[in-house]
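Scrolling down, you'll hit the structures one after another.
In the two assemblies presented below, subunit A is common to both, partnered first by subunit B and then by subunit C.
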Partner chain A sequence: MKKETESREKYKQKIQSFQVKRPVIQNCFRAFWVGGTICLIGQGIENFYMKFFDFTKDTVAGPTVATLVLISVLLTGFGVYDKIAQYAGAGSAVPVTGFANSMASAAIEHRSEGLVLGIGMNMFQLAGSVIVFGVASAYVLGLIRYAFSYFM
Partner chain B sequence: MMAYILAFICGGLICVAGQVFMDVTKLTPAHLMSVLVTTGAVLDVFGIYDKFIEFAGAGATVPITNFGHALLHGALEAAQEHGWIGIGMGMFKLTSAGISAAIIFAFFAALIFKPKG
Partner chain C sequence: MNQQTLSFKHGVYVASRGTAASMKEGQGPIGSDIDQIFDDLYCGEKNWDQAERTLMRTAVLQCLQKKKYTYSDVDLLLAGDLNNQIVASNYFAREMGLPYFGLFTACSASMATVTLASVFVDGGFARRVVAATSSHNGVAERQFRNPTEYGAQKPPSATFTVTGAGALLLTNERTKIRITHATIGKIVDMGMTDPNDMGSAMAPAAADTMIQHFKDLSVAPSNYDLIVTGDLSGIGMPICKKLLQEQGYDLGDRYDDCGLIIYDPKQDTEVFAGGSGCACSAVTTYAHLLKKVEMGQLKKIFVVATGALMSPLMTQQKETIPCIAHGVVFEHVEESG
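And now, the complex of A and B:
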């Protein structure tokens, strides 16, 4: 077992000179304008909901996120979002659209395994980690914050 | 108009931070999203994220960091009403729209669309 990991390390060192270096600056630029554009669209949707429906600045985030999720799921279904993701990297993963894309693509991919075993069990394959860490950290932090306000 | 520019720049900068994180540590997008969600929750503890939303609008509410912020926000809102038990009760209060939408749309998309590639 130990020998195996050793040879694996050696292999990693050997192939290092052949691996493509990541073009960090180019990646950052792409992430910036694609991510920024998604947020810009979000701002447009927010303004739309505030103007034509009864939403205030505090409550508008919910329907905005839901609309973006719908757009993202549709784009995933037509196979467009994967191309955007390839181009933009984190620019497409960080906005909430990336969260929806991970759920939709997992569900579509495993559709052939059945409704329950395929869609039901695989939908949260990637998105599950977001919910788990979000809820766990929010609970711990909530307890801390609550304890503070209790004693002060 | 100013709101659009701020949303574009702030949202873009969060994505750049994510891209740098991914390029430097060579971790997957799943790691990145988990870290950002936790960051959003941490920033909400002292109300920093609220000020950020006030400033950047959709530039702050669209990135996944807002998910952590909204989880904690709902939890604290319920905690004011019901004490520490409320933390678990109000957790999904504000994020419900996003999560329900994602589950519902993803489910029906899986029924309609065929996998590509």
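And now, the complex of A and C:
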């Protein structure tokens, strides 16, 4: 067993020079500008709703997110979002559009298995853990905030 | 059997070859050699699973029609693919109604089915055996990675699963392509865990099978006009070459990889490091390389199909990737004499 671990370590070192690293700096730059642009579009939609419809700063978030989600789902359906994501990486994964894409893509993928068992069961395949850990961490943070506000 | 290498003494020959693929492979460097090209990933079917079955059916029919055979002229079907429960093979075999074995050996299925088919023919147990292999990009992505339209960035070491199928009809009657030897691989696991870097994981398995083959037959790489690996891609190929060099085998220019023959990663950046999947070695070898062997442009080739026997479940359980490689020697023979 020890010999095996040794030869594996040796192999890992040996192939290092052959391995292509992810272009991290380039990826960061792309994620920054694409992610920023998505947020800029979101801000534009928000301003538009506030100016032309009867929304306040508190109520405008809902329709803005809904619009972004709709755009993202359409782009996913037309097969464009994954191409944007290959370029942008985290830039298109982090905003709410990435969440919408994860659900829409899973739904499309499992369409062949039917409405209930296919789409219904698999839609949260990727997004499920975001929701689980989002809710759980929100609960913990909420408790901390409450504790602070209580003692201070 | 010489350690791991079989010698087929009585004569196993390739009677016919059939291949099918999608548009992307059709537009690639060897597109003109593929028998039938489908316009999209659906191949006229409702979903991708059916599409893969259609690809396999098309390849087998192309293979048989060239000899004017029907299903009933075949003694045995051996088939393999990448899917869970090898559904493309099993559900296609349902249509054929022949004695059948399905094989799961991941992307090494092409040479695994050809090896076993050769054993049946050489042993005199069957006269005509079909060895069929298929893979589908959409099916493989769903099973091993993420939904196709999911926006996840792939690293440069990723490979692109070939959508296609290949079939060979093997017989004991003399033709221009003879199968002389096959080397059955052992599982090699060098502790790699990244499913987006199959080349690095599979290279040691390919090298292991090649070295064993050279030792078993006491031959040098120069014995062959061409040695190809299945889908090591631009990352794994130089690693494999280096591993052989360390053992004193210089592959030189006679070495290539099917994943770099079927696509040109320099022209088509969408395939990243190169092609992969069962159909990668099957389509490239059956359509392109064996055509050259048939015409005598290549006298003797050694095809080593590489497979990563991973499962997404095992990867999540932090298991390393077990890999395997099976090799088959194809030789040009003059028909008369």
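Heads up, the rule we're going with is that the second predicted complex is superposed on the first by the 134 of 152 C-alpha atoms of A that agree within 3 Å, B and C clash if a C-alpha of one lies under 4 Å from a C-alpha of the other, contacts with A are read in each partner's own complex, and residues count from 1 in each chain.
We adopt the following convention: a residue touches a chain if its C-beta (ideal position, glycine included) is under 8 Å from a C-beta of that chain, and two chains touch if they have at least 3 such contacts.
Remember, predicted model here, so these are calculated numbers, not experimental data.
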Looking at the overlay, what does A:20 touch: subunit B (first), subunit C (second), both, or neither?
second
Using the touch definition from the top, say if A:146 reaches subunit B (first), subunit C (second), both or neither.
first
A:73 contacts which: subunit B (first), subunit C (second), both, neither?
first
Just checking: does A:109 make contact with subunit B only, subunit C only, both, or neither of them? Give me first, second, both or neither.
both
In the superposed arrangement, which partner chain does A:99 touch: subunit B (first), subunit C (second), both, or neither?
first
Of subunit B and subunit C, which one contacts the greater number of residues in subunit A?
B
Touch check for A:34: first (subunit B), second (subunit C), both, or neither?
first
Going by the contact definition given at the top, which residues of subunit A touch subunit B in one complex and subunit C in the other?
22, 27, 76-77, 79, 82, 88-90, 93, 98, 102, 104, 106, 108-112, 126
So in the complex, the part of subunit A that touches subunit C is made up of which residues?
5, 7-8, 11-12, 14-15, 18-20, 22-23, 27, 76-77, 79, 81-82, 84-86, 88-90, 92-93, 98, 101-102, 104-106, 108-112, 125-126
List of subunit B residues in touch with subunit A within their complex:
3-4, 7-16, 18-23, 29-30, 32-34, 36-38, 40-42, 44-45, 57-59, 61-64, 66-68, 70-72, 75-76, 79, 84, 87-88, 91, 94, 96-103, 105-107, 109-117
In their shared complex, subunit A is touched by residues of subunit C numbered 46-49, 142, 146-157, 190-191, 197, 200, 203-204, 235, 238-239, 242, 273
Considering the complex alone, what residue numbers of subunit A touch subunit B?
22, 24, 27-28, 30-40, 42-47, 61-66, 68-70, 73-74, 76-79, 82, 88-91, 93-100, 102-104, 106-112, 118-119, 123, 126-127, 129-135, 137-139, 141-146
